[in-house]
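Below are two complexes that have chain A in common, paired first with chain B and then with chain C.
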Partner chain A sequence: MSEDPTAAFRIEAGELLEQVEQGLLDLRDNLGDMGLVNAMFRGLHTLKGSGAMFGFDALAGFTHHCETAFDRVRKGDVRATPDLVDVILSAGDHMRALVEGDAPEAAGQAILARLAAAVDAAAGGGSAPAPAPAAPTKKGWKLSFRLPVDAMANGTNPLALLDELRALGDATIVARTDAVPPLADLVPNHCVIGWDCTLVGDISHDAIEDVFLFVMDDMEITIEPLAVEDDASGAGADDAAEPAAPTPAASAAPAAPAAVTVNDQQDRRAATRSQGEHVRVPAERLDELMDRVGELVIAQSRLSQLAHHGNDLSLRSVSEEIERLAGEMRDTMMVLRMVPVSTLFGRFRRLILDLANETGKAIELVTEGETTEVDKTVIERLFDPLVHIIRNSCDHGLEKAEDRLAAGKPASGLIRLSAHQAGGEVLITITDDGRGIDRERVRAKAEANGLIQPGQVVSEDELLGLIFHPGFSTAAQVTNLSGRGVGMDVVKRTIESLRGSIDVKSVAGQGSTITLRIPLTLAIIEGLLVRVGEGRYVIPLAAVEECLELSLEEDLRSRGRSIITLRERLIPFLRLRDLFVTGTKPDTYQKIVVVGTGSERVGLVVDQIIGNHQTVIKAMSPLHRNVAAFAGATILGDGSVALILDIAQLVALGQPREERRIAAA
Partner chain B sequence: MPYHKIPNWTPEQGLEVLTFGLGGETFALEAGIVREILDVMPLTQVPGADEMAAAVINFRGRIVPHADLRVSFGMDRHSTTADSRIIVIELELDGNPTLIGLAADRVNEVTVLNAGDAEEPPVIGIRWPREHIRCLVRREGDVVVLPDLPHLFARLTGKSAEPVTLH
Partner chain C sequence: MTASILTVDDSASLRMAIRIALSGAGYAVTEASDGVEGLAKATAQRFDLIVTDLNMPNMDGLEMIRALRQQPAQAGIPIIFLTTESDDAMKAQAKAAGATGWLVKPFQAEQLIRVAQKVLAR
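And then the complex of A and B:
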């Protein structure tokens, strides 16, 4: 896609580093997994190689040291330790900075010094959690392999591989020529010969895999231990794929990593294959296309209005055809922009690790529903709010290990991130099993800040909702992580700017759950088109609960108190005609549209309900940035503009206004 | 020398402008910022917005604010006539190019103003706030006003501006 090869490298390097980071986090949980170590080594090696090729010499030089460290882990000189993994994680951050070209030299030196120290510390102890596949088998191995057809074209030299095998031990190599075509069909640079090889000697499984390290993903290979006569229990067909270990007791644990390795490689191979069918497109182009599709939908609705006013049947049928096509095109376009939330959740594993290190608490992250797909823009804008929420949960929610044990909970705190789709919304919940939100402290703080009156009766939801108030923070001490009193209100604002809502539940001693409800896409909403005075406005349909008639008597009666009773509940209402100062006479039959966010409801009095309207949302101009009541605008079928009401703002506006009115009366 | 306030205005070259009539005065805009001149179209009022930019229009599928300089210059508003137009300009506000539709009673011509004819707005004798004007230019026995548009609109976009709430 990109003209600039270094830009392409930057993207590739970003992805490689992302993979390495995920791998490192996996490795940290499972230090003995040689398959992961090998994958890390390959990733770093590729990064070094491509970096050098595109002139990122500093990156190549720096990566070389990390690669060397992993090489030693692979060879068994050095154990993989949590320290080592942590150093490489921060090295990964430095590599990112190097790719972007703004890495301070000193930081790199410091990381390399830490790396050297970690390697030295890990080198001493030999191999305590010694990875099983490294355990040597006395007898040797039987190999059968076939290189990919284009191996030679890609620069692999089969003879060199055979030489490496011979260097490992006493090798008997036999060529398999069954796949060699007749001479006339033979392509000279295709590799069509397979090999069977018997290797006798004290050789580790890994040593053999190392020979094929860079072609492993694409080749066919089976590595089996030589049949062992005196081991009656082994040698079954099922065990053949695994390196036979001397005793059954030792074999249970070590066999697992080897099996994982094989699966990983198959997964990876499948992934590589499916990647071939992907096209990388810059996000701006998708946005442009989205805009065009939006315009098309608007133009199409004008066309269908014209067609329905005329009597031309053929025009009408063409218009309907176009309506269908435009609708399908819009749906397809929506799908193009969807990405799985795993891209978002993956980034939090690192955050949790850092938070655990900073707070000294043991924290476990569990994620669910990662395949749920959300609009790319939404995903990007969710990152910061989620960081805030997770930080808060880890810092304030989760207790210290000793307190947890005292409360009869496991020592390690649990953060659960889950996503699932419900209608046109996606629900993201962040759950912790910590101490829960302390209502007394919330109340005390709110009273101190004058948010509520002392002794005022406040519902549970409202009380918890106070934590989203600007300047509110219950942390008695400001820590490095949170507690500065900015954060939760920013979270709320960001979520609302995504037309979403946020909901808190908390059980004392058992933890808190924060639920974010976010629309799947930002570009199009279903709206209810209404008329107020001469202006037309769109109310997002997701917020609409019901529509009622405001009868004349009721209207007159409610002059003093703008409240209606709806199923035993008092609901305040706003006369949009007054609010928007239309200066027009009210219609005889005004309607009330009841809208709500969370547990708050407000009725909006409008002159007329025009109907459902699918709306392409357009941003308001910066000149109207300070007008709070509108979330955006849209263009109607006749080309005129209708403003989209910002429900969260209006609901908030409805509450104090009513209180003021009652106070004045 | 007042003409120094306007980029690329030299005594040798002059300044290419579009002149238009509004509230009985003649205003001028640098031709470079003018994007399009539109016939009057239905305006959509934005309740709660500043009076100076109280409405929006649909400019080829984009939502563009409609601004009326008469508000800033304290002029009476007249109803639209057959000569009324909307001049769409592009201004750099807070570093972002922003489209704005300006109301005009009448669009006159594209012409060149001489640097030598430019004058500072006098301290007395004008009814408008001086900071709304970059300079006055004498021309054919009349005076052309060069408004300071970035200044006029900065008030609406400024970060310091209080959020406008309804009542």
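And then the complex of A and C:
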């Protein structure tokens, strides 16, 4: 890893801003929380300090203003108001842009103007003057000084100071021992000696002050020019002598309560961070390691195949040992890549606030199951679809406050985000308590767009499913929030590219629920290995609902319709042999693997079900990426390649054709 | 014998910058990410110099300095704190807590090295 503090700062700044944003959102709900104010101040302060360190001067300058505002809130001289928090939130966005280096200057000025207005509104006003001293040069100096008694205990080495003085010029140093107590009272690390020193040479006053830089304020010192005839003799000495009144431990006391509240605030973060040391690793390294583990799993399956074919018992036991180890390693690897969905959900609090401001609706966000963990890559790719769904819910789903009150609901709308794990999947549901999806409008729109025939009978689920059709939007007018040309079809495609599924439920007047089912990981899946003709294929096990036998006679009976009846439900099926044009004869006892995404299901007719298979997913080459029916490939134990079926695509392929026929029948 | 320096800062980028500067100047640098860790490391091993931030989570620099100075073994060990120019009050508090000196952010690597040389007894 190359060491680039600037790059490290960029990442750190991103995290800091994220924390500040979360803190601001908390603060908005609880304006009096001084612990939060302190935490915000500290975050901004660090950002400013480090920003200046790494040459982000614009960032440091800009952040300084926000920090100052918080400092005043901290000192109780400005109240925290929702306005102020909002301005700082947008200031946070600007800081992010400054870190990235693409922030328009004017935007910053506008925010600072708003900040000044918000601060003024929240306070009476106030300012601080800044004095600045200067010093001339002289022929030489006469010094007399005595260090604070605790200087040595506090790490100052008087001998080093004397050496520094000697380094400045020709120094004559005499120690004053008048204050040294009798031996019995002598404390070894108390500094009780004073010094007189004449320094000859062209030495600036500043240079001398520099020697005593750290002890200047607390020590007794007089610095007088050597040339007695100079009339400005007192000037330098006054400067130096004035701050000589030491400010001992008294000032330490008021700091204590503040520190305590800050610590309270930290508890949460400290708790999530848990005990022990943490190592920060770039995500690519994890991906690399994951790849290696994948290769290991493949090599191991070849080994176990070899071992089971031969008669060597010791080889077999080694192979089984390796199989176990590889399995454990894979599981550990998975856990390493997992991050809690709270990192995802947290980002929506800001979105909700912005949406509430934009729409003028009161919106409350409730999140559940934030500790549920999902693969990092999955989390990243879920963000955009979720933003879109939440925007839709706020924009189309939730009613205006007066309509809600008229309908007997609380004035503020509720968006509930929840996550929980079910087997190898994570279920994420987005629920709103709005008006629900207007079926009549969906139907009208779908008919207008030719998605369905006028008057055509469609089931409830199918009707709602139409919102996932490309270009579908029920908003009467395109608003700033939703109608961005990105429809629910894009959401659906993204979720399906994660090998997940999306499902929508809606009750008129009570709201809608959208459920996303997402696999825990993208790298290795449990698959069902099947044979179609000569080729072998993997069906993701999570999508498999059941396996049935398709007898020859049943096959003949259903010929032409490709429908089976399963527990009084008609299920269309696809003959993979025909679809893949294998040109082979069907086995006598073909099998139907029933797979489903969300509420839709199809049967896939295969020749043979071979069994479970730990599938390490390899992406298709760029040339083959557009082949719709396959999601990827994997290498089997004997070194041959098996393609992984893309269930969502196959369901889509089987569904419309077959179901339209049913509807027409 | 190389002088050993402990740098305590919650900002990883700053720690990195400090480590690069000081180890470039021939010092052995150990890092800690907050006051708690800094206190633990300083207690476990005697350092010749401690460079610490003041604003930190879990235990801030002030508390850490006070706690360090309570330990007889830490008497006389120079402690430099990092601060920003606006922090005069902070400076006074840190000195009262037992800090030896300070360095104003932003600083150049040379300034840091000079201060380190200044407080490390020759």
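Here is the rule we use: the second predicted complex is superposed on the first by the 501 of 665 C-alpha atoms of A that agree within 3 Å, B and C clash if a C-alpha of one lies under 4 Å from a C-alpha of the other, contacts with A are read in each partner's own complex, and residues count from 1 in each chain.
FYI, a residue touches a chain if its C-beta (ideal position, glycine included) is under 8 Å from a C-beta of that chain, and two chains touch if they have at least 3 such contacts.
These numbers come from a predicted model, not from an experiment.
Participant: Looking at A:Leu579, would you say it contacts chain B, chain C, both, or neither? Reply first, second, both or neither.
Facilitator: First partner only.
Participant: What is the contact status of A:Val627 with respect to chain B (first) and chain C (second): first, second, both, or neither?
Facilitator: After superposing on A, A:Val627 lies in contact with chain B but is clear of chain C.
Participant: Could you tell me if A:Glu295 is touching chain B, chain C, both of them or neither one (first, second, both, neither)?
Facilitator: First partner only, chain B.
Participant: Once the shared chain is lined up, is A:Ile635 touching chain B (first), chain C (second), both, or neither of them?
Facilitator: first
Participant: Is A:Asn189 contacted by the first partner chain B, the second partner chain C, both or neither?
Facilitator: second
Participant: When the two structures are overlaid on chain A, which partner does A:Asn311 contact: first (chain B), second (chain C), both, or neither?
Facilitator: So A:Asn311 meets neither chain B nor chain C here.
Participant: What's your read, chain B or chain C touching more residues of chain A?
Facilitator: Residues of chain A touched, chain B against chain C: more for C.
Participant: Quick check on the superposed pair: does A:Thr588 touch chain B, chain C, both, or neither? Answer first, second, both or neither.
Facilitator: Once the two structures are laid over each other on A, A:Thr588 reaches no partner at all.
Participant: Show me the residue ranges of chain A that touch chain B in the complex, using the header's touch definition.
Facilitator: Touching chain B from chain A are residues 291, 294-295, 298, 535, 579-582, 618-630, 632-633, 635, 639-643, 653, 657.
Participant: Can you check the complex and tell me which residues of chain C touch chain A?
Facilitator: Against chain A, chain C makes touches at 10-14, 16-17, 20, 53, 55, 57-60, 62-63, 66, 69, 75-79, 82, 84, 89, 92-93, 95-102, 105-107, 118-122.
Participant: Which residues of chain A touch chain C in their complex?
Facilitator: 3, 5-6, 8-9, 11-12, 42, 45-46, 48-50, 52-54, 60, 150, 152-157, 159-160, 163-164, 189, 213-214, 217-218, 247-252, 255, 259, 262-263, 266, 269-270, 280
Participant: Looking at the complex, which residues from chain B come into contact with chain A?
Facilitator: Against chain A, the touching part of chain B is residues 42, 44-50, 53, 56-58, 61-65, 67, 93-94, 96, 98-100, 153, 156-157, 161-167.
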